[in-house]
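Got some structures for you, see below.
Each of the two complexes below includes chain A, the first together with chain B, the second together with chain C.
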Partner chain A sequence: MLVHSRGAKWAVWAVFLVLFLPVFALPLLVVLGASFATNWSSALPSGFTTGHYDAATRGEALQALTTSLLTAAAASLLALAAGTWAALAAAGLKRRYRRVLDALFVLPVAVPSVVVGLAILVAFSKPPFLLNGTREIVILAHTVLVTAFAHQSVSAALARLDPAYEQAAASLGARPGYVLWRVRLPLLLPSLTAAAGLCLALSMGELSATMMLYPPDWTPLPVLIYAATDRGALFTGSALAVVLMAATLLALFAVSRIRTRASYR
Partner chain B sequence: MSGGIRFDSVTVAYDGNVVLDSLDLTVEPGEVMALLGPSGSGKTTALRAVAGFVRPASGRVFLGGRDVTDLPPYRRGIGMVVQQYALFPHMRVEENVAFGLKAQKVARGEIRERVALALEMTGMAAYARRRPRELSGGQQQRVAIARALAIRPDVLLLDEPLSALDARLRSDMLAELARLHRELPDVTILYVTHDQVEALTLGDRIAVMDRARLRACGTPRELYRAPADEFTASFLGGANLLPVTVGEEGVFLGGRRIKVSGEAPGAAATLCVRPHLVGLGDGPNQLAGTVSEIQWRGSTHRLCVDVDGNRVMADVRELKDPPAHGDSVTLHFAPEDAVLLAAGVTDD
Partner chain C sequence: MTRRLLWTVPPVAVLTLLFLYPLALVLQQSVQPDTGGTSLQPYADVFASEAFRHALWTTVWLALASTVGCLVLGFALALVIAFVPFPGAKAVARFIDVYLSFPSFLITLALLFIYGTTGIIGSFQFLTTPWGVLLAEITYFTPFVVRPLLAAFSQLDTAQLEAASSLGARPWRVVRRVILPEALPALAAGGSLVLVLCLNEFGIVLFTGAKGVTTLPMLVYSKAILESDYPGACVVAVVNVLISVGLYGLYRVVSRRAGA
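Entry: the complex of A and B
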């Protein structure tokens, strides 16, 4: 603990709350309030109804939620596979080449996601790679955007992994493939699930690249929220946002359950 | 005949930095060879060359007469135990021990039998269902040994296996390792250590290494009684190393004539006497000096005596009335307890 005296601890907590509440917590609380409100003429929304949720949990909205969850799951799995593979391959490279590879993977994060969306749209609008207007192009864009995080988190974990484990395995007669499946990947599992959670959360909230690419039959929830608030339906938008938030938190919770089971130390 | 390790001029270099310089060494089948040396002496590198984790820049490594220099580690069939145990944390004890057998696709029934046997031998049968993190350091090391023995290797590599344990546990495990080797007399063991007690206790022979080179190799008794050079003498057991001159009339330490049985290597030599062979009081080869330091070590006293500018250490049975700092004392040693070494070639 950096601060010892009781008074100072209280002061630190007070500063934390003053900074944290208005910036992080209050806006979310206001959205939560608005999702149950009937009017919003003063500073805070007022009135009470659950009617917005009726619209937000059926029909088009429900389909958008499913779309978001499926897109996030598919993109996270693809990103995890690609990122892990790349990290494992890079671990065998010389330092200089590894740096180049790391930089390549960070590129989609460094470039604004609108630009990534546009680039993918342009690249896949002509045969033979005609993906424009398909759901695959949305999943592809999300994958490109989140792979960097999967790659980074797995590379960091690999660098920390004690080579003694794989050497012990090899000396016991295990081939490299067997060592990968039975020793290295299980030991990386905590980092893999952490990366999966991060990818999932990022993909669930992705809007800017998605806007440029989504086909009418594959509308993720953030797009619907944007559309609702854009046409002035603030309360419906708020209810949709709360649904998105809750769904994301539930998904992250599920992933973290796997994670606690996978950690050994 | 299985087993046996042979290093044939094995040189290992990292980025042009030679860490093992042209090692020639043969370990006979069933023999325990202790590789003894300070850190950075190349002893672990030699072990890793046998395991296949470092590739020699030149030279060949043979296992049981077979050239394994170009084989990957998993095709060498050796058991290995390292200082940090390296037990797989996500597997239970029995799964750890079964790992090598599963990887080599041994039949299920046989795996169960051999795991049980290996755990029995190391006294860990009661812990089969535990996770490694639930075990103490000594227990983890036993499991690591069981895991290495389960694959029935011809060659067992032990890399400082006791260094992470506390002193008392270390001496128990040392006895345990000696027992295991008696039960498995065909297993060739390469035992890397920086601890001379472990090397003297376990080694059929000891190879002393320093600065990437093999310094001396012989049975513990040979190396202890008649070390080949100053480094071996001081690293293995500690020694008084005193500069002497050898002439027609005999061996002289300062102006004093010393009687030594054995040949002198040249005109300038180093006299080597073990501290516990130096006695207090009158006797042959008397040396007079003043006490510069005295340490009580329970059953013994260690005296450091300044004899004409040379520091002579003597370990004597606990004294009722020990001399004090600055007192004049006389030391002596028997001619047959001293050895003459070539002077100063290993000392920089």
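Entry: the complex of A and C
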């Protein structure tokens, strides 16, 4: 379209490859390659082994993986509930109030996650709320961090929703609760699952706030990856990172299955 | 109307308890030094320290440079994907979406293999300098620019491009005079989001393990967790929040103007 001659096209594509491959593909390939290697001192990794995966799928690492999955699931559900409720409540308000509420709920995106971690640590380490050193504090921090994303995608979907459906339902005598449950929420389901996927992925990879407040018996996988690389075990860290990526992708895939089944309905 | 307002109370109460109340406590603690009482002494101490001024400067220039890098690289990549499509361009766009769901520290982990002490390229200490962090941030955040750009390009009427080039405009001129003006809102929105995210980035800096590169989030972490200096950590946190929230407000205004 933009470039017409064949030679120029190939030149543009070559530049694209030169920019794209090292920047985006190489990092992932390097982590993947390193996870199967015992050392890497020349151009290619050497000493093929699956030993890192044996270590990365049992004991401490397996526990960290379940910790991450449970934290992500709990935080996503809580965030989705709070974010959806806020978006639905805001949709019925006057423009002025709606903007205040929207601004309030996107604020956690702008605040650094480390500061969110610090704030929750400060607030819940003293009475009346003593949660320091519990797993709930990690889940709460993740919830705060992902609620903004859940709220944003649900309220964007609400704005695109055709009001004719709910008006028709209401004119036929359906009460507001019934309209919400049988009309609006089913119509929102695709964007709800998309939001759930986003929340899951963010929570699975969350490191900044977690580093501030994780207790020793609730160590999510990213913290373990940091601990491994910090003591110099880069290859073990890579295997753990591949496990984390695979688990994130699987979780995203599972969530997207809900969406396709819902949209057939 | 009052009943509708009442429905907003539960989510706002949850947000207040989990987010606004903790932030207020951070603000409160930042004016309460360990010696007791209320004073601005923690602020004076932190502002006077060389470490803080250094971290502030590092954070700001790293974020600005990363944003410029992401904008240039992202614009070039999106341009090719959208207007010089090749077999597999769709797959590349999908790959960029997936890329966004991975945590940032993976990039640093990979760079440790490429440039680290036992690295492929060699053992020169590139990663422990700000340049390593800059490279990692540009790598990780460029997709955040590419995605809104691709969305904007898909709305662009290709007839405009054809008309411009049939009138004799060279590709470079078409990019500058037709595509760039259309892309400006998306560039502004993506760029300011990346700027905020870079200011707040922690994982990338933590994983480089560089003693010489300290950003504000890193300083918050080391003051609170490693030194147990909570008033100091809270002061740095307040400064960081002010910068980020101010910029994020700007981003919201810009992206609303752009209709994105």
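Going forward, the second predicted complex is superposed on the first by the 243 of 265 C-alpha atoms of A that agree within 3 Å, B and C clash if a C-alpha of one lies under 4 Å from a C-alpha of the other, contacts with A are read in each partner's own complex, and residues count from 1 in each chain.
In the analysis below, a contact is a pair of C-beta atoms (placed from the backbone, for glycine too) under 8 Å apart; a residue touches a chain by one contact, two chains touch by 3 or more.
Since this is a predicted model, take the numbers as computed values, not measurements.
When the two structures are aligned on the shared chain, A:Phe24 is found in touch with chain C, with no touch to chain B. Of the two partner chains placed by superposition, only chain B is touched by A:Ala169; chain C is not. Between chain B and chain C, the partner in contact with more residues of chain A is C. Judged by the touch definition given at the top, the superposed model places A:Ala110 against chain C, while chain B stays out of reach.
When both complexes are overlaid on chain A, the residue A:Arg182 reaches chain B alone and has no touch with chain C.
In the complex of the two chains, the chain A residues touching chain C come out as 1-4, 8-9, 12-13, 15-16, 19-20, 23-24, 26-28, 30-31, 34, 39-43, 82-83, 85-86, 88-90, 92-94, 97, 101, 103-116, 118-124, 140, 143-144, 147, 197-198, 201-202, 204-208, 211-212, 222, 225-226, 229-230, 234, 237-238, 241, 244-245, 248-249, 252.
Listed in rising order, the residues of chain A touching chain B in the complex are 162, 164-165, 167-176, 178, 182-183, 186-187, 189, 264-265. Within the complex formed with chain A, the chain C residues making contact are 1, 4-5, 7-8, 10-12, 14-15, 18-19, 21-23, 25-26, 29, 73, 76-77, 79-80, 83-86, 92, 95-96, 98-99, 101-107, 109-114, 116, 118-120, 138-139, 142-143, 158, 161-162, 165, 171, 174-175, 196, 199-200, 202-203, 206-207, 209, 216-217, 220-221, 224-225, 230, 233-234, 237, 240-241, 244-245, 247-249, 252.
Chain contact summary for the complex, chain B toward chain A: residues 51-53, 72-80, 82, 84, 86, 88-90, 99-100, 103-104, 131, 133, 144, 147-148, 151, 157.
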